[in-house]
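Chain lettering (A, B and C) follows the sequence in which the chains are written, and residue indices restart at 1 in each chain.
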Amino acid sequence: MIECRLAEASVLKKIVEALKDLVTDAAFEFSENGLQLQAMDSSHVSLCYLQLLSTGFEHFRCDKESSLGVSLPNLAKVLKCANNDDTLTLKAKDEPDVISLVFESKKQDCIKDFDMKLMDLEQEQLAIPDTEYKSKVTIPADEFRRIIADLQVLGDTCKITAEKAGVRFAVEGDVGKANITLKPGEAADEEGGKSVNIDVEEAVELRFALRYLNYFAKATPLAESVELSMSKDVPLLVEYKMGEIGAIQYYLAPKIDEEDEE
Amino acid sequence: MIECRLAEASVLKKIVEALKDLVTDAAFEFSENGLQLQAMDSSHVSLCYLQLLSTGFEHFRCDKESSLGVSLPNLAKVLKCANNDDTLTLKAKDEPDVISLVFESKKQDCIKDFDMKLMDLEQEQLAIPDTEYKSKVTIPADEFRRIIADLQVLGDTCKITAEKAGVRFAVEGDVGKANITLKPGEAADEEGGKSVNIDVEEAVELRFALRYLNYFAKATPLAESVELSMSKDVPLLVEYKMGEIGAIQYYLAPKIDEEDEE
Amino acid sequence: MIECRLAEASVLKKIVEALKDLVTDAAFEFSENGLQLQAMDSSHVSLCYLQLLSTGFEHFRCDKESSLGVSLPNLAKVLKCANNDDTLTLKAKDEPDVISLVFESKKQDCIKDFDMKLMDLEQEQLAIPDTEYKSKVTIPADEFRRIIADLQVLGDTCKITAEKAGVRFAVEGDVGKANITLKPGEAADEEGGKSVNIDVEEAVELRFALRYLNYFAKATPLAESVELSMSKDVPLLVEYKMGEIGAIQYYLAPKIDEEDEE
């Protein structure tokens, strides 16, 4: 039996919004430690990994490890019915056919419960490689989203260059060329600690499909800042840390296209 | 001759918004007591009834009972030109071809007048049965709209159950099952008297097409709360009371589909 | 070489938004006095004329008169990447292939630079006639936009009548007739000087295509008020003055259609 309660339904709402355009069906893996989800996008180019720790829940009970196959677009529809400050309780029996979601208003005068059908999903066990990254860049999440959205209008591929002096996002397309450079910030700190942080052991320059970066940026409402970790020839890691409760990680392989290289 | 002035054009604007998706052409019936409109939706499933009392107008003159056939989508276009705090004067001659709408800004520095063509409509005299309802439920109008919109994503038919303990809206569809329960409220009163009120002489459980409930909910901006009146085997009455000036009522027959009943 | 800096990138952003639906490709003409652009819309019905004075820039250098052919929709895409309070520097070499746009955040921690490809445009030298107008009407820009948008729903052609007593916009269509009358205002002055000003030497009544007036009204964010200048049988001038830096002017010939005249 599974029964776990989140103080704010809005957390799961934002998580599902951050995943549902990339992944349609996914298995929520419950264990006594919490809840995780691993999936590749439908074109098998990127991988996302969600981890929610049991300690981030108001109440967390999972008697037996279970994998619950869920349609994320359907789950999104159900979560839309929650008010942002409703509590959310997830419930499932052992060997369940359905997962129950119960939203309760703070005043307890409105209770919404949903039984959502589960799906049998083939388990693809994905090994996420443990990588030491040579470059880490932390930037305000909304600034990252904005940069990706802006550049996507101008081209398909973004070259990210991380150097001690700053991080640069470059794109080239029919309209022309664009470079957006963020410098590590002190000044920015004044506005509540949202600033650019550069931790570069070895400068890197990698090229990525903007389309996927744009999908990842849907996680923006979950965190103040986003961390980009890069090393030569290994996938980019884009991570949104959600305080106590856990994190969403996205992995994307760099583009290797010698002809396009300058 | 007809000449009547509303202090706020926005009232008629909201009324027409509340009707125009359900009814295309309708006759405004003017008499010395005020103005009313009765119409069935185009598929003849639901009925709506608008009543505006002459006492709710700043000025009301109607020398002779008249029925003015109006295209509601066209009237909506004209009303869009009004600012919300403009006054509105409706004018028509005896045996008119057009109805005039005059919007005046509070400062009188902007006057907008429209002559809208009238239509000949066949009069369908509808008898609204006088029913004693066994169950009445009053809920905040915006909460009702939200519930209907949420449930419509999950299915077509909503089962409404009114009991002393509360009112329940249930739906079942491909995604799964949903139940939304509202309990009669005291706590809610704190926030300005918007609360759930349950007056159940005899519990009822009836099934309705969400599509129509959703049309009715377009009247939400007209009233703080909505009253649902139900009895076994008679149409649901959904009523929005607009203070002094009148009310909009919608009637919808319950679905009778034995096979679907549990 | 050209190098000129605007304190606020948003000014050029709004200018391009005001032009790009009317004109696709246009030549920015740089000289030591500033920057101007003249173009007819693609159906050669209206003409727009932009003038930005060098004195309105923080810094303005133009060594040699140059005409830079630009795709306005592409320029709009690039300008969308600017934050409203970024500074904007425009740069070009002599005989350039590209124009560079550099956006810098006030804190200098984010720099966005774009090289946008230029186009060879055939120069059509347009002579803007110097006209003495018999009627000038100044109205709040947002009120003008609203009137045009409202009337466009009801018909295609707007009759503008300017008289000492006020200015009237009239339209006639399938729905009926509309008249919007603005009276010269004192009262309106209270709200920060936005009011209607009528300067009529000789009353005029002219008819214009609402479609084009609606395009012109896209310049609304650039100015508090708009000035309409009219005389019998000459094009209407619609002018948005942008303080120190310059103005946008639109010219539109009146409709002459005797059959439609009342």
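Some points to look at:
Here is the rule we go by: contacts are C-beta pairs under 8 Å (C-beta built on N, C-alpha and C of every residue); 3 or more make two chains touch, one makes a residue touch a chain.
Just so we're clear, the structure is a prediction, and the values are computed from it rather than from any experiment.
A rotation of 120 degrees, rounded to a multiple of 5, brings the CA atoms of subunit A into register with those of subunit B. Of all residue numbers used where subunit A meets subunit C, under half belong to both copies. The two sides are thus made of different residues.
Separating the CA-averaged centres of subunit A and subunit C is a span of 44 Å. Under the contact definition stated at the top, not a single residue of subunit C touches 2 or more other chains. Of all residues in subunit B, only 71, 74, 77-78, 80-81, 98, 107-117 touch subunit C in the complex they form.
Of all residues in subunit C, those touching subunit B in their complex are 143, 150-151, 153-154, 174-183, 185, 187-188, 196.
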